[in-house]
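Next come two complexes, and both contain chain A; in the first it sits with chain B, in the second with chain C.
After this line comes the complex of A and B, so read on.
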């Protein structure tokens, strides 16, 4: 087990190194000059002396390998550099914005699990009734609706028609908790619908698969009640694959939160990324992409580990 | 399914178009299509979208980009069958051409992903070490990004031409196909007929394309339908963010974005494209699920 963790940690570092290099090369070898954005865009038509000055100030006039070495050296010290346009430290800005993105992702995932698993169990138990196809159809619709569609429909209903909730914006929870909850309700629900549907589908098929297993027949023939079979025997085994999906969701949530943050004007990590890409703010884009990839890889790793802890049959060597 | 079967299907498939009911296999697929309600509905909607995409100019006289300021914000009416948007552009024409964009993007990007992904997966399985390590690590690297983030990243730097969007989405879906064909090929590779083919001196290309490929088509077909649905989602998402194809190409996602600012006074402009995107994605998902049920014998209980 310890061996496995060490090996995984090393391969994770290698993967991150590859991604860091790829992001660096991608940004620096592609057309587009951050100096132009700083000097007011292509339309402002700055002269070449001004551009050269900005390049010198940002260190972009040095050879590529020097810049690469500096970027890697700083990374090793967990320093993500400073933004070209605002001059703030990237890590400081990320520390401010990451929690806001997690304020959407964590409650959304919690809602997805709290509703998705019971609905999945219900659909499996009601297998031969009309309820199963109804629940399954709703889940399929939930998982096929784009987040910006469900988000806009919520805005239409609850802010434009009913005037119950603000249509966007962020209120800091430390300043005004009630306002924060109000501003977060719609983005969180929007983000939770897709994962809720996949959790439900996964739970349903996993429970159905376990219900066909031999140990269930044995338990039933011993006279164990159906409820007990389901909750004491089946669920323990059926929920294992559902755990993996929680890990997968984090990816989905990050992807979904790009659109949700944009739609609800939520100042999280993704909004920061979208702005910085437009302005060719290299350090910010590099930093965010790396941090998101790192979170992603870390969560995959934790998912694999939790699998081993939950299922004693799995032994990583 | 073995190689001979596939040759038979394609030949008799062409023949069956002329003489109805020639091939029992084709007939059984036809029966499946018509008699399975969810397949008929979802497959029918996909065919309808494809038809609309191909024949869009013939289905409407209106130009999707013509601005008519005197008839803005119409609902469905006699002036415009599906109403008009905030610039008075004909919604029916915009939806038709939007279907064209959606179908073009998903068909071409899935084609790119299938060709590259399947080649990568099969070669990784067939050649083994070290080809498998290199190719599969490459797919891991793509998978370590949330798909739409990678798309935004690439499109924002390379520009959002239609071509770039198709290529990006295509690359995004390579890993799925690579992984599926890798694991299926590993199993197929162990069969005696592959050994036999090697023994009589068939080259690797021939073994890959004629020995392995026909035997891994089932999971690939299912994945194609599911990937087509997510490709529609990614294109719509990019267009919604304003990072989609140029403004003169009508897009459902862009229509939603444009109309959302006027949603309070004219919700129809948001609702119509929203319904279309959702139905399109839903249809590909349902069709993919149904195809899996039919092709995967383990699930046919």
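After this line comes the complex of A and C, so read on.
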């Protein structure tokens, strides 16, 4: 097991190195000049001397390999650099913004699991009744509705018509927990709908698959009640694919939360990433991509580890 | 990702401007003398009567228009009346006054200030911004959003009143001498920066130095190039000597890139981009980049009883829908850049007040270095090939106005009625123009760069479609803002959709676009027309308004021949506030930069 973990750690580092290189190259090859953003953006018309000055200040006039070496050197010391536009350290901004994105992703995934799995089991149990297609239809709607449609519908209903909830913005939970909850409800629900649907579908099909297995027939013939068959025997096996899905969800949610953060004006990491790409703020983009990649890799690793826990046949050497 | 929801939005240097007040000593045209006399004659008894009636209490001048109060921005209200050489008169925006006498306007200024309805202190303005202000440097052009930030935190020497006329600010008055080559400014006393340092003439000199320093990359570098030297004969006087008469100086010094900064603070090495130390009505309290900026009231502001509100909280809400929703749900009480789709709905609602202006415009930049656009006939043909009204209907729901002449807005003094209606929708004329250079529409292939911003994309697509209807081959390249700004600054484009505003409404704003080296267009494509430059140079130096107007008529006629752009439409620029917010005014010509004047805003309880 320890060997396994060590091997995973090394391959993670290699992966992160490749990602850091790739994102650096892509950014520097993109058309668009960071200096123009700093000097005012679309409304400004700075002359080439001013632009050259900014390039010098930011180190952009040096050859690419020198800048790359600096980027790698900084990374080795866990320094993500400073933002071109605001001058603040990327790691500091990330420390501020990442938790906010997690405040959306974690509750959303929790809701997805809390509702998705029981619904999936229910759909599997009720498979020959009318409930099955109904639940499946709900899942389909939840999955196919684009985030900005479901989000806007929620805003229309609960914010504009009923005035129960704010239409957007972020309130810090440490400052005003009630306000935080109010501002988070709609984005979290919006974000959870898609994963909830896929979790439900996955659970349902996985349970159904297991229900056709030999050991289930054995258990039934032994006289075990259907409920006990389900919850004590089948579920453990059926959940394996679901665990994989959950790992993937978190990855998708990082991407999906871009729209949610935009729509609800939630100042998380993705909004930051989007704005920084638009401003060609290289250090910020590099830093965010790397951190998200690292998180993604970590989650996948944890998912694999949890396999070992769930299934005693799986052992890593 | 929906392209139209792009954060780094808009284009427009929000127009700050107004009618140019020509100041020359001893040269008062008959018209202005009569006008001013009439205004004085009427206003003083009226205002006096009202004052007597209401004892300086609540609204003295009832207005139902959204301009609200008649309070001009900072005017000395106490003691010696502000003696502005430019009259804060009630003439329509664009009417210049060639008055100079420092005395006559004193009474008007004092009376309008004293007549200002009393606002109630307290309250918070929650402003929803479209774009992030990016940084705090007072001399760099960050775009419209910076007016609400830098504009409330810093002061300029001169400013604008509610009608869009030049008004005193840190300079209580100024005199123009030597036929327009020397300006002498008298500074307001008792002004301190936020750190407590008092303002003196040295700070003004330091500010000018900073603007002229190429390292600053100041927006006004070109304009300050007309200044020869400046001195401070004493602590409250600044004397500026120009290389040649320069009619635009007042507008330049009132613009949102001419804020006065503290010499001591600057020399101490403080970073203007990251912190502020202005003399303005508000102080920067806290901020999170790209998210929220909080300004608090400056208790020691030099204009008495101002500002009224305690705080301004500016939240960046880049998505149009999210911003409108935030306004409708009450999270913000001031929204800028209202999408045209919501104009009808919100302006008709009695819970809100809407303010509209048309200072920004959409155009297509043409690169005269890239054939076939090197032929003026082709460029003119493009202008006749588009149906502006149809474009306005498609891209703005009918809420816009076609540009039929040039960049001087209709209804202002400088507008030339005789040129009205020059650009029309005339496909036949377009074809005959092309025929003159032996071309047919099908010979024309154009690459058309359009930014992924809704106000650009809709217009650009409409333009492309109409040109294609004529038979031309137009390929749209949709690219994001940084890509386009890079191409724009290097002239690496054939046709590019754009939207702009005028830096000031003095007709010399044409120089910033079409004068040789004009940063806003000419420089990138090496546009250089000696005949036009000569006219522009004359216009800058001419002191007589009537003669100036003739010169600019010629400028516009020359632009008809040169057709460096496809001139399309004036865009609706709309802000909306809650109905209880008083004192805000979308100043004609100043446009969105009116957000600089939050010191006048108050809440009716």
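Everything that follows uses one rule, which is that the second predicted complex is superposed on the first by the 314 of 317 C-alpha atoms of A that agree within 3 Å, B and C clash if a C-alpha of one lies under 4 Å from a C-alpha of the other, contacts with A are read in each partner's own complex, and residues count from 1 in each chain.
Just so it is clear, contacts are C-beta pairs under 8 Å (C-beta built on N, C-alpha and C of every residue); 3 or more make two chains touch, one makes a residue touch a chain.
Everything numeric in this text was worked out from a predicted model, so none of it was measured.
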Partner chain(s) touched by A:47 [first = chain B, second = chain C, both, neither]: second
Touching partner for A:264 - first (chain B), second (chain C), both, neither: second
Contacts of A:86 with chain B and chain C, given as first, second, both or neither: second
Partner chain(s) touched by A:274 [first = chain B, second = chain C, both, neither]: both
First, second, both or neither for A:102, with chain B first and chain C second: neither
Contacts of A:155 with chain B and chain C, given as first, second, both or neither: both
Partner chain(s) touched by A:292 [first = chain B, second = chain C, both, neither]: first
First (chain B), second (chain C), both or neither touched by A:180: neither
First (chain B), second (chain C), both or neither touched by A:168: second
Chain touching more of chain A, residue-wise (chain B, chain C): C
Chain B/chain C common contact set on chain A: 30, 32, 148, 152, 155, 160, 258-259, 262, 274, 278
Residue ranges of chain A touching chain C (in the complex, touch as defined): 30-34, 36-51, 53-54, 83, 85-88, 93, 96, 148, 152, 155, 159-160, 163, 166-169, 258-259, 262-265, 267, 271-272, 274-275, 278-280
Sites on chain C touched by chain A in the complex: 1-2, 5-13, 131-132, 134-135, 140-144, 214-215, 217, 219, 221, 271, 273-274, 288-292, 315, 317-319, 321-322, 325-326, 328-331, 451, 479-487, 489, 519-520, 523-524
List of chain B residues in touch with chain A within their complex: 137, 140-141, 144-149, 152-153, 156-158, 229, 233, 236-237, 240-241, 253, 256-257, 260, 263-264, 267, 270-271, 274, 277-278, 281-282, 285-286
Residues of chain A that touch chain B when the two form their complex: 15, 18-19, 22, 26-27, 30, 32, 140-141, 143-146, 148-149, 152-153, 155-156, 160, 251-252, 254-255, 258-259, 262, 270, 273-274, 277-278, 285, 289, 292-293, 296-297, 300
